[in-house]
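Both complexes below contain subunit A, partnered by subunit B and then by subunit C.
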Partner chain A sequence: MTDTQILVESVLQALVAGLFIGAIYGLMCVGLASIFGVMRVINFAQGDFMMLGMYVTYFAFVAFGAQAFGTAVGPFAAAIVAMPVMYGFGWAVHRLLISRVTGTRSAGMEAEGHYAQLILTLGVALVLQNGAMILFGAEMVSVRTPLSSAAWFVGPFGDGMALFVNQARTIAAAISLVVIVSLWLVIRRTNLGKSLRAAADNPEASIYMGIDVDRAHRVAFGLGTAITALAGGLLAANYPFHPFVGLDYVIIMYAGVVLGGIGSVPGAFWGGMTIGLVQQLSALVLPTQLQNATIFVFFLLIVILRPQGFFGRNVERT
Partner chain B sequence: MLEIRNFVAGYSDVAVLHEVSLTVEAGQFISIVGPNGAGKSTLFKAISGIVAPMSGEIRFAGEDLLKVPPSRRAHLGIAHVPEGRQVFTSLSVLENLEMGAYTREGRRDWKQNLERIFAWLPVLKQRRGQLAGTLSGGEQQMVAIGRGLASSPKLLMLDEPSMGLAPAIADFVFDKLMEIRRDTGLTLLLVEQRVAEALQFADRGYVLETGRVVLEGSSETLKADDRVRRAYLGM
Partner chain C sequence: MTLLKRLLFAGTALAAAGLAAASAHAQGKPEPIQVGLIAPLSGIYARPGTVMKMGAELGIEDVNAAGGISCLGGAPLELAVIDSGDSVEKATNAAQRMVAEHPKLVGATGAYLSSFTLAVSEVTERANLPLLTLSYSDLITGRGFKTIFQTSATSGAQAEIALPIIMDLAEKQTGKRPQTVAIITDNTAASLSSVKRMKEGLLADVGLKLVSEEVFTPPLTDATSLVQEIRRGRPDLLFFLPTVISDSKLILEKMQEFRVRVPTISFGIAIAEPEVLNTVDPKLLEGVMSAVANWGKKGEEGLIKRLKDRYGEPWMTQNAISTYGDMWLFKTALETSCSRDRAGLAKALRGLDAGPSKYYPGGTLSFDDAGHRKGASLTIIQWQNGVPMTVFPEALALSAAKWPKP
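This part shows the complex of A and B:
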């Protein structure tokens, strides 16, 4: 193989890795976007909801996933089981805490309750991180499946070029895409989805239509939590985690949502995808420690050149 | 159908409405007129539950409305076409109408309501796929009215449907409303600053000033009243 071919091969390899990790980042961002977009609540705890999703996946896998589905399919089945569990968790957090500082109750508060929301979700994040530390300990945990280290071999093509496609990541990316497309269909086509959009668009008029806006917010919050938790569960098959892992990801999530354009669900997906691609492609030329720095340099460039994000409207600048 | 007795409401601790009493019988067309800041929109918002009551009573079809949560009131048959239109700007025209039909009755009568709404307001049919936020003010007002009608309401409350519209467009909207009223016999409660038009076809009218009902009666009585003639009709 010539040098050019080696270069082409490694670019293709990074591209594939970027697309797959990008699909999961996209899912993560979509979860945040459905909370941020519908309710305009800045949720600092989103990364920790994801961390919880990872642990729920882990325990579901250990408890029954492995026996019921085998070690190959088990981790993915466990991640899907984490969805309804975390939906319930998000629903309850909204019902008990978030609803006190949002919606109709925030009307008389300073900055429409945004300060209170920031402090509250930051507090929830701290409680979850340290609570997880007490309950689960500080050791790194991972949901290992034989697929994590198995690859499909594509090729050879060209002049002896070949690609390795990680099986666990391929399945995770496929599940992400299915969930995102289903969510998009629910939001665009169903009555529930339309009422969520109406509640986000104009809460007051929604009440005049007979839409229970508080309930719509709870559903959006639960959905957003469940989706981010699923992304966490899917990542858990390839990345070990610990109680403070949420911090690493919450920044990626906000960057993705802002890149895509605040309030746009497809935008959030493409934002997350972009981050995955930039992260993996940058590793070709830069040391891996600089991967995250590259993301933010790119992020700043986009914010300077296109402040409304890829899909955002002009009126809503970052 | 709607009975408001000695109703007091406002924002925080400041009362905007003082001891307001008002009655709407089924099939009637009632107009509320008065200057800016008289509390007309506040009264509508209180009926819809957005403004908290302080004292007094509102009954709708025999039911104590103040005990019904705001988001359930549309389901009783009250449609509120709010001031400034408040269409769902990021939803298409058709989706706006679908949200109007969120009530059980609205969903039951959807096909037939949609046909009638498109017949009254053909521009909505033309624009049904377009985002409501991209329409002109007059078209948005028609979306808001269509959205109200889509719920199969027993009572349609219209808050200044002519606001911010060019006079010719405002006339058109008003004519449409009268056509819809003729066709359906729908009970209407209208708040309007265009007093002459508001009183022309109404059965009864109320004059609201600084949160109090200062005058009420049949529209003939009101039109003949010296104060109304001087203050509102420019005669």
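This part shows the complex of A and C:
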């Protein structure tokens, strides 16, 4: 192969990897944005909700996913099962804890309850991490599927140029896209979506219009938890995890949400996608060990050049 | 139960405890000698830290069953376990806590990752507390400290010992010596020490040309760019130096996906921890070799079985066997120093000359001025039928080495 062909192959390969991993990052960012966009709650436990989603996927896969659907389809079926389970978990966390420092109850609190929310979600994160350590142990596990090391082979072109498309990542990216489009349709086209948007735009006016804002918040929190948990479940096929895995991803989620424009659900997806692409493409020109540093250099550049993010409005400066 | 009954019950229990203590004192039962284990028991590295604890517990049990420290009236060893956490900052705090909260400690062992040991030893040196370590980094014993004792061969020394063995094995079993090599390494202290030594002449000494070198920060999220480089370079050999299991999985699976088939030699334990099998298909691991400081060897079958029976560990990694050996090393040195004094133990360890080492591969139970164990060698292990078997040194091997099929 010539140098140009080698370069083209490397760029295409990085692009494919970036798009697929970016789609999963996008999904986890959408989960966080759903919560922040509607409730304005900075949720530090979001990475740990993702970790729980990974474990629910793992146990669902071990308990019945592998037997019922086989090791190829089973991991994805198990990840989908994690969604309603984690919706219920998110709903309960909101009902029992978060609702005490948000919505109408935060009216008299300092900084509209934001300090209390930060402390509470940090506390929830610590409880989840250490609770998971006690329950599941420190051993790394993953949802084992042959698809994580299998690729669709595209090529060869020219003097042996080829493209390898990871099967597990491709299916995960496709599921992510379907979920994001479905969520967008729910938000735009249904009464539930209207109540969520109304509660996000003006909670007080929504109450006057007969919308149950607390319920809207609870639904948004449950949805955000379920979506991020699904992203974790999809990631679990390729990525071994442990009770502290959420810490590795929560920063990526926040960077994606801010890049996309705070409060914008499509923006959060594109923010996550951008992070995936920057992470993979940067390795073509910079040392691999700077992959994650590059994300934040790019993040700072965007914040300087376009403070409102890709899809944010000017008034909502990042 | 009425309040009066409860008080009576509590009073009786207290009196019984007091009597028992008084009786032990009257019989002249010696006070236990405290040794510390500082290792990660929470966070991402909790699993290897837990295995170190298992080794230490078995070691303490066996030392005490053998009569404890006879020179000190048969005083038993007692283990103080300190969680170093999963970051250098946490390890430093844990070390400070260890020396403050355990004033009776005479020595300690730890702290798993070289970067943790570097931080912990800064504290133990100031506290004059002898620290035994399995960590590999050359930096650990390169700072002129007087209380650090490295029981393993350093990373550089391990590479020096392993490379000629690997090259000879390739030549013997395939009929030709590999000419080119690619390196994938994370940027932890021990891995970088090995790679530094390789690039500073070791590769050239064994006739290998470096065709690509990729350094990454663990944990990886995707290994595409790393494996694409190996695919491009088409090396005869891959040297692979991860310290996190997830990185081992991502890279091995990506190699399979990209149809990169190259004999893979790892350095370190991340490729051979038992939980690797939770995440990686054993077929991908088959034949992969790794140079490690220590492993369950010939003659230790009984100990391996006890570890398996008691803790469910499928095999004995370096974390268990070396920490086990550390307890015996403490006993040997305490018998020499015959005191409960830290300075005395450090002096005894520095001057120790206890003959061939039993639980560490190669060399003797003696240390040079810097704290290296004299003549320390390594073990080479290979995945064979789903189990990492010791294949070198031949005298201690549990199976014969087979050159990995590309």
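FYI, the second predicted complex is superposed on the first by the 315 of 318 C-alpha atoms of A that agree within 3 Å, B and C clash if a C-alpha of one lies under 4 Å from a C-alpha of the other, contacts with A are read in each partner's own complex, and residues count from 1 in each chain.
Operating definition for what follows: a residue touches a chain if its C-beta (ideal position, glycine included) is under 8 Å from a C-beta of that chain, and two chains touch if they have at least 3 such contacts.
From a predicted model like this one, the values you see are computed outputs, not experimental measurements.
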Could you tell me whether subunit B and subunit C fit or clash when both sit on subunit A in the superposition? fit
Have a look at where A:172 lands relative to subunit B and subunit C in the superposition and call it first, second, both or neither. neither
Touching A:288, do we find subunit B (first), subunit C (second), both, or neither? second
Just to be sure I read the superposition right, which of the two partners does A:35 touch: subunit B = first, subunit C = second, or both, or neither? neither
Counting only touches as set out at the top, which of subunit B and subunit C does A:187 meet: first, second, both, neither? neither
Determine, under the contact definition given at the top, whether A:197 touches first (subunit B), second (subunit C), both, or neither. first
Is A:205 in contact with subunit B, with subunit C, with both, or with neither (first, second, both, neither)? first
In the superposed model, does subunit B or subunit C contact more residues of subunit A? C
For the combined overlay, can you note the least CA distance between subunit B and subunit C, rounded to whole Å? 37
Where subunit B and subunit C land on the same part of subunit A: residues none
Which residues of subunit B touch subunit A in the complex? 12, 48-50, 69-75, 79-80, 82, 86-91, 95, 98-100, 102-103, 147, 151
For subunit A, which residues count as touching subunit C in their complex? 6, 9-10, 13-14, 17, 21, 130, 133, 137-142, 144, 146, 148-151, 164, 166, 238-242, 244, 248, 279-280, 283-284, 287-289, 291-292
Of all residues in subunit A, which touch subunit B in the complex? 108, 191, 194-195, 197-198, 201-202, 204-214
If we count contacts the way the header does, which residues on subunit C are in touch with subunit A in the complex? 42-44, 46-47, 50, 86, 187, 214-217, 219, 221-222, 224-226, 228, 232, 245-246, 249-250, 252-254, 256-259, 275, 278-279, 281, 284
